[in-house]
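Supplied in structure tokens, the structure appears directly below.
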Amino acid sequence: MASVLILILKSDATESQIQHVIERVESLGFGAHLSRGTFRTIIGLIGDEQRLQSEPLSAIPGVCQVVPVMPPYKLASLDAHPQPSVVDVGGVPVGGGQLAMIAGPCAVEEPERMLRIAMAVKAAGANIYRGGAYKPRTSPYSFQGLGEDGLKILRDVGDTCGMPIVTEVTDPRNVETVARYADLLQIGARNMQNFVLLTEVGQSNKPVLLKRGMSATIVDWLMSAEYVLAQGNPNVILCERGIKSFDPSTRNLFDVAAVPVVKGLSHLPVIVDPSHATGKPALIPPCALAGVAAGADGVHIEVHDQPEVAKSDGPQALLPEQYAEVADQIRQLAALLGKTIAPLPSATSPGN
Amino acid sequence: MASVLILILKSDATESQIQHVIERVESLGFGAHLSRGTFRTIIGLIGDEQRLQSEPLSAIPGVCQVVPVMPPYKLASLDAHPQPSVVDVGGVPVGGGQLAMIAGPCAVEEPERMLRIAMAVKAAGANIYRGGAYKPRTSPYSFQGLGEDGLKILRDVGDTCGMPIVTEVTDPRNVETVARYADLLQIGARNMQNFVLLTEVGQSNKPVLLKRGMSATIVDWLMSAEYVLAQGNPNVILCERGIKSFDPSTRNLFDVAAVPVVKGLSHLPVIVDPSHATGKPALIPPCALAGVAAGADGVHIEVHDQPEVAKSDGPQALLPEQYAEVADQIRQLAALLGKTIAPLPSATSPGN
Amino acid sequence: MASVLILILKSDATESQIQHVIERVESLGFGAHLSRGTFRTIIGLIGDEQRLQSEPLSAIPGVCQVVPVMPPYKLASLDAHPQPSVVDVGGVPVGGGQLAMIAGPCAVEEPERMLRIAMAVKAAGANIYRGGAYKPRTSPYSFQGLGEDGLKILRDVGDTCGMPIVTEVTDPRNVETVARYADLLQIGARNMQNFVLLTEVGQSNKPVLLKRGMSATIVDWLMSAEYVLAQGNPNVILCERGIKSFDPSTRNLFDVAAVPVVKGLSHLPVIVDPSHATGKPALIPPCALAGVAAGADGVHIEVHDQPEVAKSDGPQALLPEQYAEVADQIRQLAALLGKTIAPLPSATSPGN
Amino acid sequence: MASVLILILKSDATESQIQHVIERVESLGFGAHLSRGTFRTIIGLIGDEQRLQSEPLSAIPGVCQVVPVMPPYKLASLDAHPQPSVVDVGGVPVGGGQLAMIAGPCAVEEPERMLRIAMAVKAAGANIYRGGAYKPRTSPYSFQGLGEDGLKILRDVGDTCGMPIVTEVTDPRNVETVARYADLLQIGARNMQNFVLLTEVGQSNKPVLLKRGMSATIVDWLMSAEYVLAQGNPNVILCERGIKSFDPSTRNLFDVAAVPVVKGLSHLPVIVDPSHATGKPALIPPCALAGVAAGADGVHIEVHDQPEVAKSDGPQALLPEQYAEVADQIRQLAALLGKTIAPLPSATSPGN
């Protein structure tokens, strides 16, 4: 595809530098359109989009700045797919006015507790059940998850309750295993630019929940989605979960504006995770509502029935009764916006 | 008031350093409670709160860390005033379930346009009219505002429409003049830690709209409110307007979680300004709704009827018809949350 | 001055929008040069530089992005003054290979202590003495400085020692008073965008030490310098003192690369303040050396002979003997780089 | 190991909550020491360090804040190893006064060019040669590296020149292969919290160059080092390469203070990478010198003999002659600081 890019030359670029720039870009096969201003010379390039993006143009002597005109992602862009995508998660449609309600504990724990929490969040309106079997922990000495045993517990509980399940995958060697159990593969924030892992989940046939990295711009995030899409897997759901900031008031900085920014750039569904964004139970309900009000396609909330004994991230979990209350408010807000909470799949087994 | 503070000593603090710390803090009049752990010694201090906060305790040899237990603001805290404050802005009550709807152009412009925009936003539901007469501009070569002529225009339009007015004050020498015209004095983000100006508006008898600085933590912000309160002026409305971040997708980073964080710490009303937070018209309505959903006591939006000729910040203004649409959504959302848009003052002149 | 600017239109800009953009910019007196790419249309504008920067071009329907080509500052730029400026501070030349060594306590304290510290830092190599008489404190309950009494003490000590003095000014009403005593007027980080104050010091005849705001980009900082320069005062020294970041390891984030970035954009001298940048005595010497190695024109360090009783910022002060050690290392490093510590003024009174 | 931790209770914690907290922490096997202040109650806990860090104490009702006293890393801390570690990289000692000079192109390219650049940087003083065979690129459409063919080229060139080599590993499945060729395994910034990969390189017998993540605090970074150390591999070199910031003046924000901060916390060598930190050739020499002046144990710089045709990151590479100049300045600065550039290994094969 032909595209356009602008080179701004340095104010002291010499005539021979200008000529070298033109020769160099023409030798790369790009068309060059020169405009001389009083202080600066500008060269507009026309050529193949990917090559325009990948050549080291700013290293040509005399070039001051390279201004890209097209976004560097393609498959994720609204240009490629002007209508909002709807991603099917084990029978639950996410996007296009139907909200994902993902809930569950941070880590998969014992089966009885997992079932108890699942029944509670399902009753409150949750439509996808979550739990981590492989936990990326900052400390090597923290609980790292139950592994495949955890996947089995989560699958069993999902099947029992008729809810699709989502769980994180952290190792490219485990993608196949996790995909055997889960309906939705989560890529955590710390792995958002683990391109090896993105490539691997892009080659699976399961939808992917792509959390935003803590220091990722929205363009970085969409580029990571592009990695998955470029492998042939079109089913990506984005999840805003807070970015780094200077204020320790909250665990991360909940970037609610990311929701409408993404909507203006991409067709992919985007949900919010106020649990990780804020890290504090009291802030989760207002931020969940804020996310839906801003246009999010769903909400991801951690729920535990006994946070003080949770194996991971207990301090930021809502109790089931708190979850029921915020889920009810989300339902009313969704109605005001002409949306609904996506229905659970019908009774046939969602895992197969 | 007696309060508590914790000193954590260095792991290699010597016995004589420990003794010196105890002598030093006792000589300052604080009670000292020593706890020796295997690796660290901790000293709990009890004493006068202000002095605990202002003595340079971390400079005492052997001290590793000072952990404050009480927040450094007092009058702004929920401890001082457990109920939400309601601030009267020229007859419009802000807070306690009644929303401020502040709207108007960035800068005061010619009277006809000012009146036209005021009529439009009033019809849409705005209850406080805004416009800058003294503009803090990044460039010394940009339009700096109409000065006192602008104040007169704004006051006249406010009186004609029966709307209280808000305008920014940037110079301590102008506070008296601005207070003569305006119902609400705005302190801009760049002046949030201009303590001279804060002290001056604290001594006026007008309510203050205190915008959050671009790199202010929530504690910094509340401390700036404390400057105003400490002068005897209890009428402060906080305004979240975006903080600095690494992502150029938006002009600033809209910190919607600041709303519930403030609600958990302070009794002061807090509103949101999605115009400055995002800098992009398409993002203003979703972020305005997000702010209200998160519990904000009002919304500040810039409106201009011809943004491409606006004297300041045209590119981020909503058109009156766009404002009417988002105001209508805010009204419905407020109802869902059990709140209302605050009524305009009755017909008697609001300026007196 | 004629300059150049680029408008990038939206990918879905209609033909009539393109025509409107051209008409609009031509009606503003700008020349318009259209380039149509496959996906985007680009319009290069030529016209008066200040007007190109101040018109709300991005508000014209169909415009996606405005790309400025010239920097928004002029007098501060290397284009305006290609040689490094040397600023005379009470007889001490700063810039052009001569280093400012600013040292002293955070706040002016009692005369005996002030003299004692001054003698010590002078002996170590300091050439400008510092101390705050008006302290911008985050808390209204902290020590706010001795005011004009403090100015007198500082001036007396400076005269006694034959050192020029620098002190902060925070109130436009005090500029004249402070300028009567001080050789160098400091604008603190929190006031970097207090444009009223910048204008006032620009109208004084004293050099200005402009600290970088905690969330100021380098362009913002140079624009604030431009405010001073535009008033006719060419004597501005920039001071990097740390910016906001997400890591609480240091008080602020010391942006040492700001030094060479400024050198590539501006002729103004730029010094570093590792005391405020790091907030921790152990980090001050290595960061001072890093600043000089990166090309800084001086170093600002807080020194106190009894940090545990300092009235302000004691925990981040160096002891005089620690200062002597780092000053010695700076002297050697300067020699390696072909620079010297600027000499003190000769014995005639430095205050005139 | 027994350690200490502090719980600060909420100001409105009830007596029964206080009792529950004590019961709960005692049931976890911790000793509890209660101190009641006027406004806050504080409980000091003594118990096993890892368990104190991993229990969800802040989720216990009534607990306001958990103040950790010990750092969460152990093997990486100065407590565990008070002397600076020296890491042997294929015969080149790094740390303890001997500087690593890592240089080479971003990506491995054709053998002739690789040899030409290697000879040039070796002559200039480089002692470890770099080049990427597996490139983590933001875009799936960019050049991804030559893979194992690139490893072979790099090894051959290293052997020919007698220089140890470093290259990035991105996939846990490739660690064994990369370790067969390289003397030092690089973990890139985007993988700093790829705990699966960290665990894998921790189990290899090769030293690890751990770049700091773009939004990693220094504690996060040391925790990632801890992952490698905890697997039994003590040979970790840290590399500061710039973090995220709000100022687009530089590609990243070079955190030079991280060097002395790390030195105060850990025994591990820490080097700087001004190429990635700044992204601009003109800034690399001053920032390299700043890093060494701040105490870094080495410098990592990208060098290419024809940046405008480089396959990756050309715009930020130095030319060999520019590298020679900065290497010479580093040598002189090192001498001033009592350090030396580490010598190359003697002539016996460096690959074994």
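First chain written, first letter: the chains are A, B, C and D, and each begins at residue 1.
Here, a contact is a pair of C-beta atoms (placed from the backbone, for glycine too) under 8 Å apart; a residue touches a chain by one contact, two chains touch by 3 or more.
Because the structure is a prediction, the values reported are computed rather than measured.
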C-D or B-D, whichever has more C-beta pairs in contact: C-D
Distance between the centres, which are taken as Cα means, of chain D and chain C, whole angstrom: 32
Separation of chain A from chain D, taking each centre as the mean of its C-alpha atoms, in whole Å: 27
Euclidean distance of C-alpha centroids - chain B vs chain D, Å: 40
Where chain B touches two or more other chains at once, by residue number: 215, 243-246, 248
Category of the chain touch graph - line, ring, star, complete, other: complete
Residues of chain C touching chain A in the complex: 1-4, 6, 8, 11, 33, 35, 37-40, 42, 44, 46, 67, 69-70, 79, 244-246, 248
Contact footprint of chain B on chain A as seen in their complex: 215, 217-219, 243-250, 253-261, 264, 277-278, 282-283, 286-287, 289-295, 332-333, 336
Touching residues (chain side chain A, partner chain D) in the complex: 24, 50, 53-54, 56-61, 72, 136-143, 170-173, 190-191, 193-196, 199, 213-215, 220, 223, 226-227, 230, 243-244, 307-310, 313-315, 317
